[in-house]
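These notes are about the structure you will find just below.
Naming follows writing order (A, B, C, D, E, F, G and H), and every chain is counted from residue 1.
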Amino acid sequence: MKKHYEDIGFAKVDHHRPRRKGFPETIYCAEKTPAQVAKIAQTIWARGHNVLATRADRKAFLAVKKVLKKAHYHETARIITALNPKTTRDPRPVTRDISIITAGTADLPVAEEAAVTAEFLGLKVERLFDVGVAGIHRLVNNLDKLKKARVVIVIAGMEGALPSVLGGLIDKPIIAVPTSVGYGASFKGLSALLTMLNSCAPGIAVVNIDNGFGAAVMAYSILKQIKRSGL
Amino acid sequence: MKKHYEDIGFAKVDHHRPRRKGFPETIYCAEKTPAQVAKIAQTIWARGHNVLATRADRKAFLAVKKVLKKAHYHETARIITALNPKTTRDPRPVTRDISIITAGTADLPVAEEAAVTAEFLGLKVERLFDVGVAGIHRLVNNLDKLKKARVVIVIAGMEGALPSVLGGLIDKPIIAVPTSVGYGASFKGLSALLTMLNSCAPGIAVVNIDNGFGAAVMAYSILKQIKRSGL
Amino acid sequence: MKKHYEDIGFAKVDHHRPRRKGFPETIYCAEKTPAQVAKIAQTIWARGHNVLATRADRKAFLAVKKVLKKAHYHETARIITALNPKTTRDPRPVTRDISIITAGTADLPVAEEAAVTAEFLGLKVERLFDVGVAGIHRLVNNLDKLKKARVVIVIAGMEGALPSVLGGLIDKPIIAVPTSVGYGASFKGLSALLTMLNSCAPGIAVVNIDNGFGAAVMAYSILKQIKRSGL
Amino acid sequence: MKKHYEDIGFAKVDHHRPRRKGFPETIYCAEKTPAQVAKIAQTIWARGHNVLATRADRKAFLAVKKVLKKAHYHETARIITALNPKTTRDPRPVTRDISIITAGTADLPVAEEAAVTAEFLGLKVERLFDVGVAGIHRLVNNLDKLKKARVVIVIAGMEGALPSVLGGLIDKPIIAVPTSVGYGASFKGLSALLTMLNSCAPGIAVVNIDNGFGAAVMAYSILKQIKRSGL
Amino acid sequence: MKKHYEDIGFAKVDHHRPRRKGFPETIYCAEKTPAQVAKIAQTIWARGHNVLATRADRKAFLAVKKVLKKAHYHETARIITALNPKTTRDPRPVTRDISIITAGTADLPVAEEAAVTAEFLGLKVERLFDVGVAGIHRLVNNLDKLKKARVVIVIAGMEGALPSVLGGLIDKPIIAVPTSVGYGASFKGLSALLTMLNSCAPGIAVVNIDNGFGAAVMAYSILKQIKRSGL
Amino acid sequence: MKKHYEDIGFAKVDHHRPRRKGFPETIYCAEKTPAQVAKIAQTIWARGHNVLATRADRKAFLAVKKVLKKAHYHETARIITALNPKTTRDPRPVTRDISIITAGTADLPVAEEAAVTAEFLGLKVERLFDVGVAGIHRLVNNLDKLKKARVVIVIAGMEGALPSVLGGLIDKPIIAVPTSVGYGASFKGLSALLTMLNSCAPGIAVVNIDNGFGAAVMAYSILKQIKRSGL
Amino acid sequence: MKKHYEDIGFAKVDHHRPRRKGFPETIYCAEKTPAQVAKIAQTIWARGHNVLATRADRKAFLAVKKVLKKAHYHETARIITALNPKTTRDPRPVTRDISIITAGTADLPVAEEAAVTAEFLGLKVERLFDVGVAGIHRLVNNLDKLKKARVVIVIAGMEGALPSVLGGLIDKPIIAVPTSVGYGASFKGLSALLTMLNSCAPGIAVVNIDNGFGAAVMAYSILKQIKRSGL
Amino acid sequence: MKKHYEDIGFAKVDHHRPRRKGFPETIYCAEKTPAQVAKIAQTIWARGHNVLATRADRKAFLAVKKVLKKAHYHETARIITALNPKTTRDPRPVTRDISIITAGTADLPVAEEAAVTAEFLGLKVERLFDVGVAGIHRLVNNLDKLKKARVVIVIAGMEGALPSVLGGLIDKPIIAVPTSVGYGASFKGLSALLTMLNSCAPGIAVVNIDNGFGAAVMAYSILKQIKRSGL
């Protein structure tokens, strides 16, 4: 019997996760050495799973590339992916539309982290960038697109007002992602985070500052419920 | 043509909301006078909508009761509801299961706010209270129930660790609600809020401290996507 | 020669202020005894000035009423005013339009503090309440009124997004007033305050949480510049 | 018919802004790549508008310079401007005096950001630097100059007391800009920000920490009201 | 040999303090029961020392009055004193001038706590109230009085700018006391505290929010140095 | 087979805890109704366990007293205990000395919460109150007593310096409990908490603000290790 | 007679510490120059003690290596050790098992700081890394190992939920170490710190963020109590 | 008549300060360019005053050295001084003893900033470093020295407990300086700052984090009072 996790000393790789969560363990690179990232990636791959590594810099990518020829680096998203030909069912494909919208251009890295993660999880993604509330006609003009999506991920820094406004206009589940974009009293994303948590428009839930990955997984877990319904 | 909102001086009641959001405007009573609450309730009712008023104390209820005989007070949830016989389609019924779980007994008022709101919105709710991480077998013994739900609302104060643990065990969308239960360094819910935002288990999104209402509406907006799929 | 201030022991009443600021010293009652408030009011009145006292409860009003028969209590605004027939030029009348708008009904006390102060200072005020971003058509439908104003005071609690949205739509100077309306992560107005400070729409400046008085005086000082131009 | 915004992928440039706000969209460079800044600048220019880009480092300037020969770099202000000969009416010239004063020498970059922005918007600016409260005679000696201005922008870090003191002396609208100048318990501008928000002298409104640009636009929007009055 | 402290169960009264600090142990009543306050007061008195109890409400006073007939209640200062005829040398009399100034009337309780404590310690106190920066001529007109003092205690809430301004005008040691007077972003005295800590005028040191007692003892310890010099 | 927990609707009482933790589930009363507290107490008692309920006010006690005649109220500690004659082994008696010391008299309620809990758990407790650093001879004179204890619980509010000083003098494990005693910049215990976490003397660990209960259980878990060693 | 400390100008090396605390003074390198570290190390060594220096970078190590040939650098732990052959009794050997567990791989540096310190103090350490709550089976599978330890050090960043979960499962004293691992609303370890302080599972005490050293010394001081009991 | 200040564009040098404060304007270099520092230094020197520049790096020193040959750089203190032979009376010499003590070696830069400033102002300084509370005998052994000083400056980071302990032992005025030394929950000096503000030992006042300069000037202003008494 295969063990549920594999102990490689500095890490215990969770091979049981696809069964519990529908997709394999992913790697958060930010405070790991390139060698650690590469070793974990290799361990996941060896079990026949796809690999997703977030917050990866180029050094981490090069270390992974050495051991996994199929590794690909998404620069803006700071993500490494490697799709394993042995995998047929993991991540379980869930073909549904989500929209990812940003308030500004500076929110792009977070948006791409969400988009690349969502695509890795089998979702179809529409990107709609720079539609912040300072020029609200840009948002209103795109409402039809947003209404076609099942879930909308809204990404904003500074005052983070976009989810509130959108929440008043559509009835889709909105996953709000505050970003650390801003200066002064934005306090590295705290301002946008509080704004989103206090939204007077209901139907909004929030993930951590700059957490594009988490927003995409939340969207995936929502869409899987539809999938299971046989749609 | 009916106007989209009705101006009653101190408020502009949004009669267009059912069309945009699928359910009528609700009343947040916390900083309104009983007279204001009653007047807004009456205005909503007059248009043929159901009434939901949150954070209502007994005084607000009595004021509403005078003008709406059908008003009912949910004491633990601090909610007033009044179901309008004229309403057939609003809130649009979405019959799906959600689970609402709490870490402790002290989280009950928030849990009931979520449960009563969800039931008002047509959802079928299973309550599972006091399954916090200090005795994790209580959670594990109930996993099967949770796996049957489409969405799980997890409510916890103090250290707020329950969503993280549950997020590692199931693949449902989890809406985490931090509560202000606790003392000292819980800083009125800040500790639980930060815990939930930083969860290492993905598939979790967070609403404001004590915001049972918001969690229920988020769950409703998710389940409506399934509904539309014709399930 | 009249002295520039009058020493009454616990206070030094600044009789020179009308000359420097265009209106007499006002009384902030919140942490003064009713007797102190009444004594200061009397001292200002005796010099022939009008009296404005903010954050006044009913006890303070009754104390003032005993010594100034003309005192009037504005309950929602928590303001005492007494208009002195001897005053012809103070506050200098500046007849211009300002609009005071609120995001919700719960923001009324702050809005009335601003409105009563502005009227005391000779401004013509239009009130527009409960036009928050959760139902943005209520705002858009009233844009014409706002465009007629010289200055717009925008009052909002919770996530405080209204000034940002309005700032993208009109070119008037916007004075944003965060309120302590909200719960949980609103942290008694901190959330709305940060939102307003970080607004991505320029042409907005912010006063202290719940400071309707300060917003009105800022509007007055702006309008006085127009006045001086001989308009 | 010209479209109201132009979609260049990572940004949606708002060409309708001059009509709504009186001046074209400006570029906040801080978290954009030089290539993105240059592309947005070019798009604005191509429509016949002037270009203003704030928080620009030399790299961003060089990228803009390549595509816009007329680009000019204001080093202390960290601003790029490019004046478009095709523009006759945008920004609408508003020739009025404003004073920009700083508490210390270290506040210069913020002051210059305000000054260059104001000049770009057609305002006449008087600079008065290093008149902080530690040597208040420097302020008092310059009161006459300040009294001639229509609006005064006051810039201060550390304890940020200058707007309060000035607010007691003159009746002009004061726009207070806290700066991140200081150390220890200045908490990167938080101390000055709180000071300014709590000012006991009315007639003061505050913008974000280090937000010289926002202060200038607020001043411009005030002065435009006078302009419209035909002055 | 007399023991250096006396154990009364819930407290260990420090009878050695007069020798080390020049004055007897004082009682901070805020979180003690009236019975505890009375018992400690009695213990100090029995050793022949004077009694000073701060943050005392009327209940605490009545309990002390029962056991010490000479107890006197200073209402505004919330202080109980009882002067012991047996005491000749404790507190050691230090007759020098200090000035206690406040920015506003609402700062009086803190000012009186400082003044009564200072007088208990043998200092000669001049009170100068309500000379805040919003009307700076009130301060300037009293500079001569302040220049005669050896130490100046400056008490201010809200933005707390008074010590900075005074620090630029005189060369006396300034002890700054922030008060919790204010609202909104004053955060119960945090704003004034940060202002005073960041003062750009040197020669200022700060004590805890509302700590009039501590400021008086600091002043006393400074004046004792002069005394020892034989002045 | 007995079930591991008992579901009473609003709570799931954890009957397995004695086996896992060595003592039965305890009741945190602060945010429960008296009826809920009484019901849980009864459920624990019915299984033959002892009852401990913390943060109990007199109302909760009266409700418990009605259903458990043996209930006893420790007023200062705000604790209800009920010792069950059926219990022989739970909590497992661990007879060892601990010392509980406080910096001041105002820390007594927290100290008694720790002491009563520890005694309930079978520990022998020595109380030593009011030995704070302002009169350090009181501490030094009692060092011998502290050296006899196996574990020292140190309780302090305000600046919370006592654990650091003691940590430099003895080699016992020190459990530090910050209290909310203080005012102004103590921020309800935050100051003492930070002090204790940053202690330069090692051998100190910290529990939540005012958490006397938690400190006692930590001490108990340490002493149980000695017990198991057969001492 | 040997003096109790040695004054080397910038430091006073505490040679009495082994007698008071059971182990020699250790060196916190973070804000000392390499020359200062080397000089203190040499002074400790010269008295015949072992040397432990924490938060040491390679530069500090090279400086120490020059004066102490036996110095050894533990890279991941950032610790320098030098074992002195003259030392027989210091640190007093205490041979007992402790377990050090981490939630993730990124927590390794803190875990190694704890482990190397504990080994230096004579403890036997079992390392168990990457058993965080996102895959709780990894923890449950290792419970037997943890139950054999006398003390468990639990190290976690992000939401820091691991100590709470473990505290519900075992009855060992748990020393919780929050780490600065995380991003956004982890606020450099604040989130994990608050989680651990608010744990609903008793028997947990907390040390400073990233303070592996302090956790090890706390464990050592606990185990010494067992040692003294003659076990 | 000499003007009271000199306008050099980016600064207004306050030549009147020696008369008001007893010593010339000093230069805070942290956010000024080397050229600005040099120009201000030259302006002060040209009036015949001594020069003191704090927070100066080597670049600033080299710029000053070019224009003032007598400039001297105090590396640890990060201070530039230049003593002007033309100055006889400024700063007014005040020959009295102060002690500067630190809790640890890492506090040296702040201590030297205080010491060099104090010496520049004519004070006689005794340095006593590394006497923190973890080894309190080092403090107690030096009490006699401290008792000879008129004023004691106490400098400490981390938990910052030293002033409290010392405040219980001596009756001198204590100026407490929190430093940013520490990690984790020290929050860059906030922990030490709060500790010092909440000290239970009276006779302590606090300056900003790392503000050695401010402490020295406060000491100087105290000692000048003695001087004036003719001692």
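We adopt the following convention: a residue touches a chain if its C-beta (ideal position, glycine included) is under 8 Å from a C-beta of that chain, and two chains touch if they have at least 3 such contacts.
Source: prediction; values computed, not measured.
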item: Both-way neighbours, i.e. chains that touch chain G and touch chain A; value: B
item: If a chain touches chain A and chain H alike, it appears here; value: D, G
item: E-H, G-H or C-D - pair sharing over half of the A-G contact pairs; value: G-H
item: Same or different residue numbers at the chain E/chain H copy interface, by half rule; value: same
item: Most distant chain from chain C, judged by the mean position of its C-alpha atoms; value: G
item: Greatest separation from chain D - chain, by CA centre; value: F
item: For chain D paired with chain H, centre-to-centre distance based on mean C-alpha positions, whole Å; value: 36
item: Whole-Å separation of chain centres (CA-atom averages), chain D against chain F; value: 57
item: Centroid spacing, where centroids are CA-atom means, of chain B and chain G in whole angstrom; value: 45
item: Numbers and ranges of chain F residues touching at least 2 other chains; value: 104, 134-135, 168-169, 184-186, 190, 193, 197-198, 208-209
item: Full enumeration of touching chain pairs; value: A-B, A-C, A-D, A-G, B-C, B-F, B-G, C-D, C-E, D-E, D-H, E-F, E-H, F-G, F-H, G-H
item: Touch list for chain B against partner chain G, complex; value: 103-104, 132-136, 158-161, 164-165, 167-169, 182, 184-187, 190-192, 194-201
item: For the chain D and chain H complex, residues of the former touching the latter; value: 104-106, 108, 129-131, 134-135, 137-138, 141, 181, 183-186
item: Of all residues in chain A, those that touch chain B in their complex; value: 20-22, 26, 150-151, 168-175, 193, 197-198, 202-209, 213-215, 217-218, 220-222, 224-226, 229-231
item: Residue ranges of chain E touching chain F (in the complex, touch as defined); value: 4-5, 9-12, 14, 16-17, 25, 28, 30-32, 36, 40, 55, 178, 180, 189-190, 193, 208-211
